[in-house]
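There's a structure below that I have some questions on.
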Amino acid sequence: MTSEASASLIQDGARVIFQRKDWSKEATVGAGKSLVISKLKIKTDEVIGLPYGTLVELNKQTGKFDRVEAVEEDDFADIEFGEAGGDNRNLVDTGTAQGLSTGEIAELKISGVKGMELINNIVQNSSTFGDRQEYGKEKYVAKKKEKHIYRFRILRPTLRLACDVYSSMKVNKINHIRVDTLAIMLSLSNIQAGSKVLVVDGVQGLLLAAAMERTGGTGKIVHVHPGPQPIIPAYDLFGFPDSWTDTIHHLSIDNLEVVSSHVEILPKGEESMETDGASSDGPVEPPLKKRKLNALQTASANYMKENTMDALIMASRHHPKSILLFLLPFLSLSKNFVVHCAYREPLVDTFQALRGLGSVLRICLNDTALRYYQVLPSRTHPENSMSGSGGFLLSGTTVEKGAAAVVEKEQESVPEDGKEEE
Amino acid sequence: MSFLTSSNHPTVAEGDTVMIYIDYSTILAAQIDLSAKQSVIHTKKGPVSLKNLIGHRYGTKLTCKSGYVQILQPTPELWTKTLPFRTQILYLPDISMIVMHLDLKPGSLVGESGTGSGSLSHAIARTVAPSGHLYTFDYHDVRVQQARKEVVQHGLEDIITVQLADVYENGYGTLENHLDAVMLDLPMPWLAIPHAKKALKKGGSRVGSFSPCIEQVQRTCEELKKHGFSDLVTLECLMRPLEVKVMNMNSWQPPEVRAAGVDGDRRPKTPFSQISFSTAIIPKEVPGHSGFLTFASLF
Amino acid sequence: MTSEASASLIQDGARVIFQRKDWSKEATVGAGKSLVISKLKIKTDEVIGLPYGTLVELNKQTGKFDRVEAVEEDDFADIEFGEAGGDNRNLVDTGTAQGLSTGEIAELKISGVKGMELINNIVQNSSTFGDRQEYGKEKYVAKKKEKHIYRFRILRPTLRLACDVYSSMKVNKINHIRVDTLAIMLSLSNIQAGSKVLVVDGVQGLLLAAAMERTGGTGKIVHVHPGPQPIIPAYDLFGFPDSWTDTIHHLSIDNLEVVSSHVEILPKGEESMETDGASSDGPVEPPLKKRKLNALQTASANYMKENTMDALIMASRHHPKSILLFLLPFLSLSKNFVVHCAYREPLVDTFQALRGLGSVLRICLNDTALRYYQVLPSRTHPENSMSGSGGFLLSGTTVEKGAAAVVEKEQESVPEDGKEEE
Amino acid sequence: MSFLTSSNHPTVAEGDTVMIYIDYSTILAAQIDLSAKQSVIHTKKGPVSLKNLIGHRYGTKLTCKSGYVQILQPTPELWTKTLPFRTQILYLPDISMIVMHLDLKPGSLVGESGTGSGSLSHAIARTVAPSGHLYTFDYHDVRVQQARKEVVQHGLEDIITVQLADVYENGYGTLENHLDAVMLDLPMPWLAIPHAKKALKKGGSRVGSFSPCIEQVQRTCEELKKHGFSDLVTLECLMRPLEVKVMNMNSWQPPEVRAAGVDGDRRPKTPFSQISFSTAIIPKEVPGHSGFLTFASLF
């Protein structure tokens, strides 16, 4: 976050987040760019020059944003909640308690009444609101708010906000990764400025964005993508500088095998010749193959062949076992990997495969739980619904396989070696 | 039929409350009443004539215009899913814990306030019948009238007494040293605690309270201690439904596996094989909180 | 709970629960009976005649129980907790903060200092206690209490207390059934006075006890037990009247197949002859077999052959699928079953098998979570550790298989039938 | 070696902090210091001479008297497992959420109070390095001295400044409109909020607070609102380890299966077969609560 004044104003071309409680949306700011909110297409260029953090409310009459002043979520000046334990003894929910008809509400909306005002109007006209128990009142207001308020705060993208964008509507696209699972992945993988990170990302580029945010363009990222082309809208929503983006090597999973030492890469254009080596009687040695690749894929593959990586993070719809086993040798020693999966069974499989390797330590399978609270005077309680699962995490640390390189002197004096094959 | 009858393959009879299972998310309750004008229930599977069901076994299928529905015996759990909401109601996990933590069994004498929509009342009645009794109190006249009607319709009139009363002010009527357990589902449970103490037997009776907010729990616990209740425990109980599904995942095949590919000497076209597994998926959104349950003993 | 005065006093021969916070133990009261608490064997006859609910404390010097007055858990008169947010700024945990040595504490104990007194003593002598943050203080006191206090309340057994007895020390013996999972099983199965309940109990008789508690001796229970003999200590701890116990039919799972209509039961003593029917080309019809059984097992098997049941509850170490599929036809229509398993995979299997049957409705697999709270002035929070799992529950309702018995008149007039085979 | 170095197959050098992995439940941290008298660590696998490790790659095995140990590079997560406790410390799930919710990244300027055992400080330093900075404050002199020593040992002296100060009274020293984020892990966080506000940049900076008790959270939220912080969120994050196991269960065989038994015409002696499956078991007891995390923005 720079402290320059100009940087705190929204620039033409900026990627921003329109944040509402429990619901956020990304957008590009600029001429010709727009944002769709409940079927209304709103031009985004009018927010250029506003400071980040500005609150706006969609005026459904004009189809434009109005600037509004900050109002605390629970400041419904005209709504008497009273203390927890309000009396509902006179309430009968007949389904007809709402004083304003749907038509009347629509009229209010069309006449340009602002969200909060509208809610207060509805509440004032509800014949039962005063009788409702606190709990019922909250739910009532929340329902009304959800329906009628289109108030947003315009923010710079962060990982936290990117998770918000995906968490409600598009969570299946990111395999149910949740803000807490992503946070833990970034801790366990020890990604930091300067890290060389191997990212297998089948989750819209969210992991790629996370690796980039935490390396700040100072590291190297090899991005293995599940399709022929990288599809990374979650990465794009950050609007990272081009110089940072240049630190990424993209490699399609379809070409992943070329990084194996048994495959020779041919620049595209030369003739591809598959040679199937005759299998001998001894331990099966995979045959040397040749694969043609375009220049970018060749560069990515060669980078992997020539470097060892500092961290591996992975989340995709592919079964993780074979990919992880194949990629582990590309990590340096004493480095960490973290694999996310929406289901536990594939990670149980993978766990069992790792246990036998001898080259992985601290193999852990974890589940996480995330619970939000409403904290309001006399009305504090956990939120009434919660995310069922943020997926499961399998993590571990690479170590040298095979015999010990160092022996305590007291025992035997063995020449220092430490140079077994990786 | 009563909620309490137990007989082999019982059949639907005049006066019964029947549960009509439409589909996974829809179950309807209906009263078999030949004198009623409205004897047809309209469902998304088509109309169901209630008269038509008489004499058929519970558990039977009924073919309708579009598909079929199934007729089930009433239980407190099905009633909870079908009852006409008059207030925020209690659901299975909390109800189950209340019955368990109040040590209810056949013969228990229980007080409940408020009656609300009667969701908990039915579960208590099932457990304390036939020799026990539930005295349930509500401040609200319409709710009391409705609950009384349902108690009769469900054959529970010997088990449940519904009373119109303000327990904050007037407590549990004439009940004194009489109850084995009292359950409070009130906005201000602390106001009812001195009254509950009076109505409860001494020597190990139980009290329970359900509140959505932690501030209510704090005041309730303070008041319980002040009145000599002991062994306080506060808990939350949640139930998460799991969806059983068969999943398919692509499994990338490393070069050595593909080199030894199945189709002769040719490398398979796709580097993927399929792995299939059964799993139990936790839904995207699950219940996160209903309320806190507090229980205590009175010795 | 009877209201007679004598019934509120502990009788010779009574089964009771010695309850401590988070830790309870069952015992039989009477001459020659004893209870073992931290390696001390304490005679139980001295509590005869005390009222239920009496608080006693084990005097480690005399090896006997002393009656004590009720003291609220958090009434440590001499311990200054202060409000949450106490200051720990001067605290350094050096590991040597405890003022009394282990030897000194042992001395205090031997000199007969009572638990609370002892803790206050330790606390007074701890050089860091006053400096500890609230959180640390609580943990400190809890640790001390756990170690030094042997205070119990003597109670009548209830299902809730039976769960307490098993929950801490012996939870693996009851397959991790928790008080909430048991509570939900009893709701979902709709067990009540008069019910005929089929119980498959490989959990020490806990389900059997639950079925008995809720039928109050007015129903019938068929108890299928996993070994040759019923092992039911959790049932025994209730001390149910003999007349109630007579409502149970025990049947070993080893003999379970005899309830099949294809098996003929021979009273023991007659010669057993296994006849293997020649398998025909048509649909495989299992051969009629003969099995000899003792009188009790014969009675149990015949009861099942002659009756249909109102509820089925099951929890054992056996894979539930084959047993459940075999037993389902013994339930009446529109009745409920609930199966508990510590693992989810066997229930997923069973779920899938049920889905194809056509005779089961409302098949549900559920997981539960149970969380306890510490509620104290200014120190309210969820407990710092919780049970990981109470197991999983699979439930459903039996319905008629096959074609509809009733057809809406408006459609076609079909003779009322409703008598398909069960 | 520094906690921050990233190089291929680095080797152990004089001055490094190394992590010695003994077994699943035991990891030790050790400082390679040739000048120190005490250069042997005693583990249950036998003694480990630290000098002996120099020049060997991290990730290597060391054969000891009884078995072997493994030498790992230090990370904030390993440090959290090995650090000398001076206070109740923060663990992985909460630390991860704090770093995420404070929007930390390379370059962030962060305030922390109190320093405590420095568990969180290391994770913050890793994330904000090399261009960011952590100013961490503690009231307690001994803790400050110890933290300063560790900061130097761990090569973090350019990233972390440890200051002795009472933030309740004196706030964040001379820092004004300077910080991108402030984290409060204090018994009375509400007292530090006005000071945090002063130290934070306006226009979207973040504040976080960790408290075990709900009453602390309530006061903190009130105070945050009073001082104009917005977008308050309070949450709990828990992590449960799962044990991967292969289970075997007896499967009872119904009569028709046994009649068609495999061993000729004879009925198998046992009515059971074995079913084996892999599963992930939740341990009997799991973390139930560490604390509540509250976050808010300052615009």
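Points worth noting:
For reference, chains read A, B, C and D in written order, and residue numbers begin at 1 within each chain.
Throughout what follows, a contact is a pair of C-beta atoms (placed from the backbone, for glycine too) under 8 Å apart; a residue touches a chain by one contact, two chains touch by 3 or more.
The chain lineup, named per UniProt: A, C = tRNA (adenine(58)-N(1))-methyltransferase non-catalytic subunit TRM6; B, D = tRNA (adenine(58)-N(1))-methyltransferase catalytic subunit TRMT61A.
Here the structure is a predicted model, which is why all the values come from computation and not from measurement.
Its interface matching that of B-C in over half of the contact pairs by residue number, A-D stands out among A-B, C-D or A-D. Ranking A-D and C-D by contacting C-beta pairs places A-D first.
Between chain A and chain D the centroid-to-centroid distance comes to 21 Å (mean Cα coordinates, whole Å). The mean-CA centres of chain A and chain B are about 38 angstrom from one another, to the nearest whole unit. Centroids built from CA atoms put chain D at 42 Å from chain B. Contact with two or more other chains is made by residues 344, 371-372, 380 of chain A. The residues of chain D that reach two or more other chains are 214, 236, 240, 278-279, 282, 292, listed in rising order. Taken as a graph of touching chains, this assembly is arranged as a ring, one closed cycle with exactly two partners per chain.
Every pair of chains that touch is listed here: A-B, A-D, B-C, C-D.
The part of chain B that touches chain C in the complex is made up of residues 4, 6, 8-10, 21, 24, 46-49, 52-53, 55-65, 68, 70-73, 75-77, 92-93, 95-97, 99-101, 103, 105-108, 123, 126-127, 129-131, 180, 201, 203-205, 214, 217-218, 221-222, 225, 230-244, 278-280, 282, 292, 294, 297, 299. Chain A meets chain B in the complex at residues 83-93, 133-136, 171-172, 176, 253-254, 256-257, 260, 262-263, 274, 276, 279, 284, 286-287, 289, 317-319, 321-323, 325-326, 343-346, 371-372, 378-389. Residues 85-88, 114, 139-140, 142-143, 166, 187-188, 211-216, 219, 236, 240, 247, 249-260, 265, 267, 271-272, 275, 277-279, 281-292 of chain D touch chain C in their complex.
If you check the complex, the residues on chain A that touch chain D are 1, 3, 8, 19, 51-53, 70, 72-73, 153, 155-156, 158-160, 179-180, 182-184, 186-188, 190, 192-196, 213-216, 218-219, 307-308, 310, 332-336, 344, 347-349, 351-352, 355, 361-362, 364-375, 377, 380, 392, 397-400, 403-411, 416, 418.
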